[in-house]
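Right after this note come the structures.
Here chain A shows up in two complexes: once beside chain B, once beside chain C.
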Partner chain A sequence: MQITPSTRGSRTVLTLAGKLDNAGSEQLRAELLPRLSAGPASVALDCSALDYVTSSGFRVLLQAEKEQRKHGGRLLLAGLTPALRNLSQNAGLHTGLHRVPDLDSALAAES
Partner chain B sequence: MTTPATPSAHPHSPLSFVEEILLLALDDTTGALRPMPVMGLDYALAGALLADLALANRIDTDPQQLVVLDRAPTGDPLLDRALGQIATAPAPQSVSHWLGVFASERSTLERAALERLVARRILAQQEKKFLWVFGVRRYPTVDNQERVEVRTRLSALILGDELPDPRDAILISLLTASHLLARIFDDARYHARSERIATLARMDLVGREVAAAIDTLARVLRTATPVMGM
Partner chain C sequence: MAQLLALFLAGLALFFHGVSGIRTHLQGLTSRRLRRQLAAWSRRPLLAGTGGFLFGAVTQSSTAVAFILTSLVSGGLMSVAHALPIVAWANLGTVPLVFFASLNAHLAFLYLLGVAGLALAFDLGPSRLRPALSALFHVGLLFFGLQLMKEAFAPLPSQEGFRDLAAFIQGSALATFVAGALLRVLVQSSSAIAVIAIALAHGGLLSLDQAAMMMFGTGAGVGLSIFLLSSNLRGVPRQIALYQALINGVSGLVLCTLYYVEHYSGAPLVLSLSATLAPSPDSPVRLAYAFLFLQSTAVLAALVGSRPAAVWLARLCPPTDEQDLSRPRFISNEALADPDSALELADKEQVALLAQLPAQLDTLRQDAPAAVPPAVRHRAAQAIALEIQGFLREIVEQSPDAQASARLLALEQRHALVVSLTDTVHDFTAALARLRNPGAASAPLLESLLESLDTLLLTAIDAARLSDPEDLALLLRLTADRGDLMERLRRQLLASETTLDHARKSDLFYATSLFERAVWLLRQLGLAQQALAKPAAVTQT
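For the complex of A and B:
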């Protein structure tokens, strides 16, 4: 999986491309978890080029959202493909994870 | 002199899912198994075994298949035997396939888990003669701290709005699938949280597959068994 960090306002945007499988989860955990303590709205994930998530991928997303809530905020998950939206819905994560269709408008609404 | 290898886990290591599920399936006072649907414990223990392998980073799952990530032994003979079986299969199979395989090994899983819980001094083993002929084994609780702790944690999770950590998501999922959760938390406060419980129970894929296997079997049995008496 490719992870490309960039900065948008107060958030670090991590653009994810490829497969969030076990190896991808380890990469994401290392990139993501240390950034969550920066503040309540520190990270957004651009998932529009993400094409696959396994159970270990969902576990990292859940763990990251839990961590972000400890700092009073939510992780932003933008641009999930319909298949992944469906998968996260089946996994009962539609209420747990803050999913937005479009990163630009979500970030614009925050500022 | 070398120490002989024992099948028991280290007494102070955290309980595996297989041990945890079996412990919660036993009644605190009688030491007997709580009522469960047909094959309920079989599939729950099989799911627990897969969950142990997943959190040990040996396997990963998606709705289509279960893949081996790492064949390196975990040091737990129960897990390593299962891992060997999965790794040597000619082609990757689905989670439900492996649940079926390991559910058929319920007696092995159950016996190993009981031995470990006795070795950890959580349970004691008691033989009772039944009709002076058959020995009936019961496993009364010696130390109920583990059960109390996990129930307190799961109760807070069900009644609150926090997200679960992965271990608790798996536990709730397996306990719900095998209908044990409703037996453990059986009062109005929990009944009012059925939607929350259903959401939490869906958060783990193996748990969802365990629920599907148990529910499908129950449906088949309902339609296949003629109604007797009454």
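For the complex of A and C:
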């Protein structure tokens, strides 16, 4: 899996591409968790090029969301493909994640 | 001859059935007190030695003792290290019969078989005793099988072929050694062959040297016999069986070697010592001493070489995946002395059992082929669940104080949920394995069920470890009522595959029902976790 960091305003945006499986989850955890303590709205994930998410991937996302909540914010999960949206919806995991359809508009709304 | 063969086959079948039945029914015994007593008995060298000797004396077959102990080890009642000395001393226990040649355990085992069998058939006695009764019935069956085998070959000395064989081997000590080994494979009792050898020597069919060598041959025969009878054993129980084969094989070969050294060098060794102890050449006791030396050498070999042998056997027959996975990691009898520590360990063991569940689902992943089949994992999980249940019951007997009692109640409640969840996850895995068809339209939905359940399990494990209270809140949020979602999923599943036959539709419904049940159980687990975090609150409500 590819993870490309960039900065948009106060947020670090991690663009994810490929499959978020066991190996990808470890990679994402290492990139993501240290950045969450930076503030209440520190990280957003651009998932538009993400193909699939396994349980270990969902777990990292849920843990990251949990950490972000502790700092008073929410982890933005943007651009999920229809297939991934369905997957998280069917899995009933959408209630634990803050999904937004479009990153630009979500960031614009924040500012 | 055909009748003898039929008797032998029937005896062999009953023997195998008895061994397998003892193992099955002892696994079903939940009395951890009995297990603790057995374990304590085996941990004291003197008691273990005495017990092994008595066990050998009563059963008159160290092979049978070894197989019964393999059953106890398989059932988790005893460790290999504690079973080995009992096996070794059982060999010596077969010696008194040869000296007195009068003990008839056959009758006792027939009574055992009859009483236990009738009690089972007519459902007599309390139901909690049924596993013990079944185990006793199979002990009786095992010995009945051995007896049939003995009876099958009892008429051998009067058979023409056997007399021809006796004439053929006349004068050859090595031939009687081989004959002793082969007979031991067939008869399954070294002491019985020793008694026959003494009778043959007394009748003039064999010389004293030949009779002694026939007895020494039984040592090698035990080895051969166990290789044949332990073919259905794997892992730890096979270690015990091979250990018995090894010490007997070594003792037989050592005494055979000593015989030839004495014979050709004239050095006073085993036979001279027997002659010194029993000066009369006609005395059958002289041969009984030879048998005593054989069995003593087996015990000596066990005492000298048990440590390296245990290492070698562990390498040769490593525990199977199921035996490895069936071993509790935290609970132990010693911890019961302090109820608080025992509760802490039971908690950890439950969490460890819960943490095994995602591995069941991993067996469905195509990119990670299962190293351990789901059925094996499930049996191992059931074995550990049984151990935890017994352990919790024993904590009750320690009269815990109010706080410990509240925690115990919460752990018992959680245990029931973990057990149900274990079964549900196993059934769900099996259902999904049957339904999986990567090309099918329902595949993405089934994938989402799999990933969802796995994620929820991982979250529940985090919550059970109590490292972060937020994990519990997350679990409860994710497992909130899914009735509408599940109904929508079912409709989607059926709509996605319009050409499905009824059986597959039914399977799909079953899988979604199991998923729903697992989610419900996970929610209950979360609620039980709350009670566990605040045991005082439970006592107040």
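Please note the rule applied: the second predicted complex is superposed on the first by the 111 of 111 C-alpha atoms of A that agree within 3 Å, B and C clash if a C-alpha of one lies under 4 Å from a C-alpha of the other, contacts with A are read in each partner's own complex, and residues count from 1 in each chain.
We adopt the following convention: contacts are C-beta pairs under 8 Å (C-beta built on N, C-alpha and C of every residue); 3 or more make two chains touch, one makes a residue touch a chain.
These figures come from a predicted structure and were not determined experimentally.
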item	value
Which superposed partner A:95 touches (first chain B, second chain C, both, neither)	both
Partner chain(s) touched by A:69 [first = chain B, second = chain C, both, neither]	both
Which superposed partner A:10 touches (first chain B, second chain C, both, neither)	neither
Which superposed partner A:48 touches (first chain B, second chain C, both, neither)	neither
First (chain B), second (chain C), both or neither touched by A:83	second
Interface residues of chain A shared between complexes with chain B and chain C	21, 53-56, 58-59, 62, 66, 69, 87, 90-93, 95-96
Chain B residues within the chain A interface of the complex	54, 57, 60-63, 69, 162-166, 169, 198-206, 208
Partner chain C, residues of chain A touching it in the complex	21, 53-56, 58-59, 62, 66, 69-70, 83, 86-87, 90-93, 95-96
Chain A partner contacts - residues on chain C that touch it in the complex	358, 361, 367, 444-445, 447-455, 458-459, 468, 470-471, 474, 477-478, 480, 482, 485, 489, 492, 519
Interfacial residue positions of chain A with respect to chain B in the complex	21-22, 52-56, 58-59, 62-63, 65-66, 69, 87, 90-93, 95-96
